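The structure is given below, and queries will be raised subsequently.
Chain IDs A, B, C and D follow the sequence of writing; residue 1 opens each chain.
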Amino acid sequence: MITSAEWRKRLYAMQPNIYIGGERLRRDAPQLERPINVVATTFDCAADPAYSALMLASSHITGSKVNRFCNIHQSWEDLVNKQRMTRELCHKTGGCIQRCMGIDATNALYVVTHDTDQKYGTEYHKRLLAWVENFQKQDMVANCAQTDVKGDRSKRPHEQVDPDLYLRIVERKSDGIVVRGAKAHNTIAPYAEELIVVPTRSLTPEESDWAVAFAVPADAEGVKQIVRLANIRERISLKAPIANYSDAESLTVFDNVFVPWDRVFLCGETDMGGRLALQFAEYHRHSYTGCKPAITDIILGATALVAGYNGVGNAQHIRMKLAHLIGVAELVDAAGIAAAVNAKKTGSGAYIPDSKFVNAGRRLAGENIFHEWEILCDVAGGWYATLPFEQDWINPETKGYLEKYTMRNPQISAENQHRLFRLISDYMTTSWSGVQLAGQYHGGGSPIMETIGLLRDYDIQSKMDIVKTLAGISLDDPEG
Amino acid sequence: MITSAEWRKRLYAMQPNIYIGGERLRRDAPQLERPINVVATTFDCAADPAYSALMLASSHITGSKVNRFCNIHQSWEDLVNKQRMTRELCHKTGGCIQRCMGIDATNALYVVTHDTDQKYGTEYHKRLLAWVENFQKQDMVANCAQTDVKGDRSKRPHEQVDPDLYLRIVERKSDGIVVRGAKAHNTIAPYAEELIVVPTRSLTPEESDWAVAFAVPADAEGVKQIVRLANIRERISLKAPIANYSDAESLTVFDNVFVPWDRVFLCGETDMGGRLALQFAEYHRHSYTGCKPAITDIILGATALVAGYNGVGNAQHIRMKLAHLIGVAELVDAAGIAAAVNAKKTGSGAYIPDSKFVNAGRRLAGENIFHEWEILCDVAGGWYATLPFEQDWINPETKGYLEKYTMRNPQISAENQHRLFRLISDYMTTSWSGVQLAGQYHGGGSPIMETIGLLRDYDIQSKMDIVKTLAGISLDDPEG
Amino acid sequence: MITSAEWRKRLYAMQPNIYIGGERLRRDAPQLERPINVVATTFDCAADPAYSALMLASSHITGSKVNRFCNIHQSWEDLVNKQRMTRELCHKTGGCIQRCMGIDATNALYVVTHDTDQKYGTEYHKRLLAWVENFQKQDMVANCAQTDVKGDRSKRPHEQVDPDLYLRIVERKSDGIVVRGAKAHNTIAPYAEELIVVPTRSLTPEESDWAVAFAVPADAEGVKQIVRLANIRERISLKAPIANYSDAESLTVFDNVFVPWDRVFLCGETDMGGRLALQFAEYHRHSYTGCKPAITDIILGATALVAGYNGVGNAQHIRMKLAHLIGVAELVDAAGIAAAVNAKKTGSGAYIPDSKFVNAGRRLAGENIFHEWEILCDVAGGWYATLPFEQDWINPETKGYLEKYTMRNPQISAENQHRLFRLISDYMTTSWSGVQLAGQYHGGGSPIMETIGLLRDYDIQSKMDIVKTLAGISLDDPEG
Amino acid sequence: MITSAEWRKRLYAMQPNIYIGGERLRRDAPQLERPINVVATTFDCAADPAYSALMLASSHITGSKVNRFCNIHQSWEDLVNKQRMTRELCHKTGGCIQRCMGIDATNALYVVTHDTDQKYGTEYHKRLLAWVENFQKQDMVANCAQTDVKGDRSKRPHEQVDPDLYLRIVERKSDGIVVRGAKAHNTIAPYAEELIVVPTRSLTPEESDWAVAFAVPADAEGVKQIVRLANIRERISLKAPIANYSDAESLTVFDNVFVPWDRVFLCGETDMGGRLALQFAEYHRHSYTGCKPAITDIILGATALVAGYNGVGNAQHIRMKLAHLIGVAELVDAAGIAAAVNAKKTGSGAYIPDSKFVNAGRRLAGENIFHEWEILCDVAGGWYATLPFEQDWINPETKGYLEKYTMRNPQISAENQHRLFRLISDYMTTSWSGVQLAGQYHGGGSPIMETIGLLRDYDIQSKMDIVKTLAGISLDDPEG
């Protein structure tokens, strides 16, 4: 394992293929500093004894200690530990820890390449094993580039006017393949070393060009990342950890990118493309049972704190709202635990979480996130939205007025009042805010995706049979 | 263990202290037949190899096989198995399996008598152990009589105009105690052999007369059960299992009932009275993570079935509603699993489920039950509510019309159409229905009780500290 | 106008074509007494000076005073007055006043027959005018039989295996038509004098046999009413108005019923069949903006009262729930007012309420009704569900216990405590309860029907144009 | 009346007392351009024949035409017209039209000064009449500065550690009064000519110093406005109206501001202070029944448009969501209409809207706004949140990729796709977004304020009496 400083050094040496606001940038550009700080935390905590029990795992390949974000789940407890680690790290950075993309994609490939080889006599799993061994040894950071841009949503991949609207193989060569397309919403990609590409949906037999999975360096020839960034406002003198962190998403363009065979993990097996899409999604939804409760923890903490600062911490209608937040956080957490306890060991040896629980958990989180923000908005009152800029708290003409008139609970200093409302203001009314909301709603799959997941996998027939039996309707009745 | 026939025989020999509709009845009265059928199922399934793996446990006292409803939880897996057993048995009877009252009360006493003895040098736990051994050996059925009638809700027990509005000790004698009061909503009591009495709330030091727990035979001298019953309509020719089952609740009056010391498990230790009230509630809420998903399974099955019968099983807005039902059932189930996995081993050796998860789970169930009924109402349409009586389907003047005009999906016979709508009609529009709804909402604690439970136990301070840290507010700041 | 005694006399003289529980009954059968009491109220109040300002209208045909339930709306104020009258009368009977069916059907026919005549040169309107004049003069009560039994919901009327699953013309004769089919959920029909039959949905050109509207006496040859009744429990000594009222619904079978031409108001004009179905629905939804707030008033009153009896009338979380009930009642009421203020005068001279408001209002009511019951259940606690039967309050062996242990707020007598919980128990846990819930959800159109109504009529394009303009997208862009 | 150009000229001549981001600014500072554009619309539309019917009223003082934003409501139709005008103007500017503050404050003062004079023999109303005449003649723009900063929310004004935490009279002089304090969240204040100050809450007799209302020029000596601004991103080449508008809020500091008597409209009459606070709130909530449906119209339009662009405009689950938006918009609108129709003429001659309807309407709007944003987020998908910056659509290295991969429905040009997602991105993920959400939730009173309003004014007793009557409980029973 490496230190965060070593990791940054590796990053800064990469080819400059990051585009932001009309410029092409290197990875040491100031715009990327805050997002990189988030991922650096995953290295720092692994080296911190307070976290290492949670953050270290033994590689099932080499037996060496590895960062848990590089681990292949060998037991249901591994899944619980990943969930716990995720919730704790998100507390430190005030949001998405991002590096789960790598562990989720790696595990999904691990499971599905094994089954593909079994069915098709291919050797994807062996290739992947070699890739994972190196990935663990180098302590690397990976993005999973899954979501295609999708064009007309009412059409399938091969029906689009432009076939590149889903990423596809455009050439098969002796030494590898050439791919073209674009993947959207790629969190962590601008400061990951590896991009893992998997399909975004189920595929029909005529869609073998779209049934492709592989890994490439994030600065490979032909890869271009067009990045949308959102930060909270820069602090002038009111420094605070919240202002050190952020994230960034790429639209990652693959413009005739060559992938050598040893990095190709699926190539044409359409049925397995769909399974891989799904398996990544389910691992990733399990990760959300860790990070989403952490988000709720922060909203809960801010709500409880501001209620106290406002002098109304004991108001019953506010207490009811805190209870709602607790309920959501812990039910999502419970879903992750239940998914882990009911995990299945796959043919590959890796464990996969139970799909109905991950879908139910991620869906509850998604369906509540706007309401959670509403609760914080409700209890905080409007001052976070009309809070004058930090400069006005420095300007001697206005500073005194602001300190005088911001006072609430007289036990709390003007500075702490300012600090809390500044945090809420940053959290709720910056360009970062809306992006977070979108991510908390859509990331890992929007509620409608989990709804579809629940309906696809659930044994509704057995429930109908319970009712038939109670009603005296024969189960043998073919038409009943 | 015994058979259901042996159990019924024991019941029928009890003293007739059941009052229903102005009469005093024996336990073989026809009014009690359907509720008794429910509990009989717990004996029949224990003897059925298909269920025995789930239903049998080894007594930690004698090592013999016992019905799981008499078991003291020796591991977190025991808690999961109780949850699974509960969900499966409720499928058979179409509702509450009822016998969980005994296991939940017994385990709560087991945990709290141990700690009381540790603190106060009493010998309640030894007495209880002897009582449990016999309870297991005799394969007995117990009610837990917890909820006092409570009088003025804005007053504490000792502040009531009539001190009996919470059950209390009225005399302490050399051979035992005399108690007076009444306990409400006592499911299973009219056909249980034992009544286990525990306090209903936390108590102040001046309330030692109310800090009492004990077990008495359900037909003990001075015990009178005034019973409210609700059945679905009797079937004439359209026989169906759903019509064989029901439940019944007593207002159980304790009119100067004498309890010998070997049956007294708490007597004056007010702090432990509150703990016992809470511990029973939390075990019982864990049982609800088994039964409530079963109720949702039935509502889901009925909704999916009627949608198919109506020919609209694939309508997207109906599918969304099925997904909602699935989500609720599985999140409540997940909460039970997470509560079990995070169970703590107590000083007594028994395991207690994690309180935040049981509260979050039971609360979600309670908050959704009216909406679940709404979904079935929505998808079924109004025919279940205006369905003519069964006699009109027999009357030759009307039978033909009803069979002709009830036809929907032509693959389904008129009889099956009738059977399904009869079941939904019975489920939704009988006196039984409203009682079920109330039980599903309030039983085991209304949502407001779980809300209070969540707020009481949850570590909100740690969440506030996360936010303070992110905001740059010192955790050492005493007033911060 | 007539008295309720005169009306009852007329009813009792009708042919016995009512089937309940396997018997054929006259209209003076005891089973029908409570529902008939409801409608009698509409005669009694018309004669009561306290209500007459609201209940009397001037016939636009004869200029005489008529019961408002027989009036054709001549202004938007007429619509508001109907709404007000409905809300007030429902307070008296504790539920649906039922007679709105006649006024809504009559007005819908009034509007659509006029337009049909204009388009097709028919003379339906003239026939209707004669019928209405007599209807007003005789002060008659009408049902509107709209909902067909509908068979397979995924098929249209003419696609059903049995064409009678939607009521249709089976023969056209020189002196009239013969119809066959059945109409479901016919509130008031068993004690109405007239049945007004209208189509249930839009129709295609090949469905002219189903495009039929007419009025027949409720005991006409070939008409058979199979009735489902639901009453709250009979009171023994605790008499109360709530126990005097109820309603009843028929499945009305038309077994080759002959309708003379002067009672035929639509016969084959398929486009007008759809319009008539819709126009009745919209008038009827406007009536629901009167009755549904009245239901909420009762739930609100019961909730506030029981909170006070329990001693927790000031608890903040209960106050929040009262506010929710107020909000629902008054928003539904507001929708009715806005629909009236924005009413349009039709070619016939009658006013029709604005469809978007009636749909939005009725939908809000339907979407909240289960939640409203949940609130009453929540605040009342479980005692209404386990309340012993009235006989046990009379039985001297148990009466004393019940009076002692039912005490709550000591200012309230045991009898009043009993009265209130008896009312709530009757309201929430009798066979009547589930039927009421279904009616409050589905009656006048389920929320999904109003959703469809909103989407059909609403000018979404103009809202898209607002956004296009703000975004700088040309409105002229044909594909934009 | 004047033109917008004349108005801007007047603004620019004011004293520079605007503080933004550490600077003191004049009103022609570029930061204020977009908010000023919004208010300019109210002048431009008054001069536009397409709007003038709605926008012009006759002064009841002079009989001259005035801008409706300066009108005193002379009839319930005036209230409806204000509501209609508000909804339409908000469509043009994409959000809050802001100038309602003046009309609502002026009308509230008009009503309450009259009653104060009646009760106390003061002459506030006469002073106000003179002020209004000039206000109308000059076609002025006013802010209403109501919300005090409030300090410790659990304390009353006179109990605060710093008495200035509610604005108060610090000196009474022969020619006027001197006031000190600060008012928060003052929309429109930085570009209004007049600030109208009213109390924020009910007051006790010892709080006469806080019972004060007056008007001062917005740049009066001692007035300092510390302004928080939020704009959507500046457009480079993709110009669009949405980017021309915004709003701004001041924390308005009154540092010993002198107010001459002819501008003082309340001075010490504490009971009337509470009434004035409430009366302004209720007028302002009525204004929200105009603007909030306009916001929903925009969200609805954007949702419907993006669904079509994505090719899923007919998906049933999306259609359900559109219906929900329609329902909310029209129910809020209906509440405004019902409040107007039920308006009361006050002693002053001005009409006040019915409070229960304005509270129910504004509350529904507030309770839905987060969910409305959720719907747009849901249907739009994540692309608005990760949409690269406009510069990247200009940069030739990335432009082609973005145009290629943004394509969806092939009928829609790349530019229009870009335009729509840019608008949604600006709407949902800029610093403006979070401020809008807060304003839509809290502005005019948070839902909790309307809840309190509903509970305060509503006749719950009459509903309890309905239930008592139905239950047979005597209304005369004093304790019943």
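Keep this in mind: contacts are C-beta pairs under 8 Å (C-beta built on N, C-alpha and C of every residue); 3 or more make two chains touch, one makes a residue touch a chain.
A quick note: this is a predicted structure, and the numbers were derived from the prediction, not measured.
Both chain A and chain D derive from one sequence, and where they touch, over half of the residue numbers involved are common to the two copies.
The distance from the centre of chain C to the centre of chain D, each centre being the mean of the chain's C-alpha atoms, comes to 40 Å. Here the spacing of chain B and chain D, counted between their Cα centres, is 51 Å. Within chain A, residues 317, 320 each touch two or more of the remaining chains. Because contacts link each chain to all the remaining chains, their graph is best described as complete.
On the chain C side of its complex with chain A, the touching residues are 315-317, 320. Of all residues in chain D, only 19-24, 147, 149-155, 161-162, 164-165, 182, 184-185, 224, 226-228, 230, 249-251, 253, 255, 310-312, 317, 369-371, 373-374, 377-378, 381-389, 391-392, 394-395, 397-398, 401-402, 404-410, 428-431, 433-435, 437-439, 441-443, 446-448 touch chain A in the complex they form. Chain A contributes residues 91, 94, 238-242, 297-298, 300-302, 304-305, 308, 319-320, 322-323, 326-327, 330-331, 333-335, 337-339, 341-342, 356-357, 360-361, 363-364, 411-413, 416, 419-420, 422-423, 451, 454-455, 458, 460, 463-473, 477, 479-480 to its touches with chain B in the complex.
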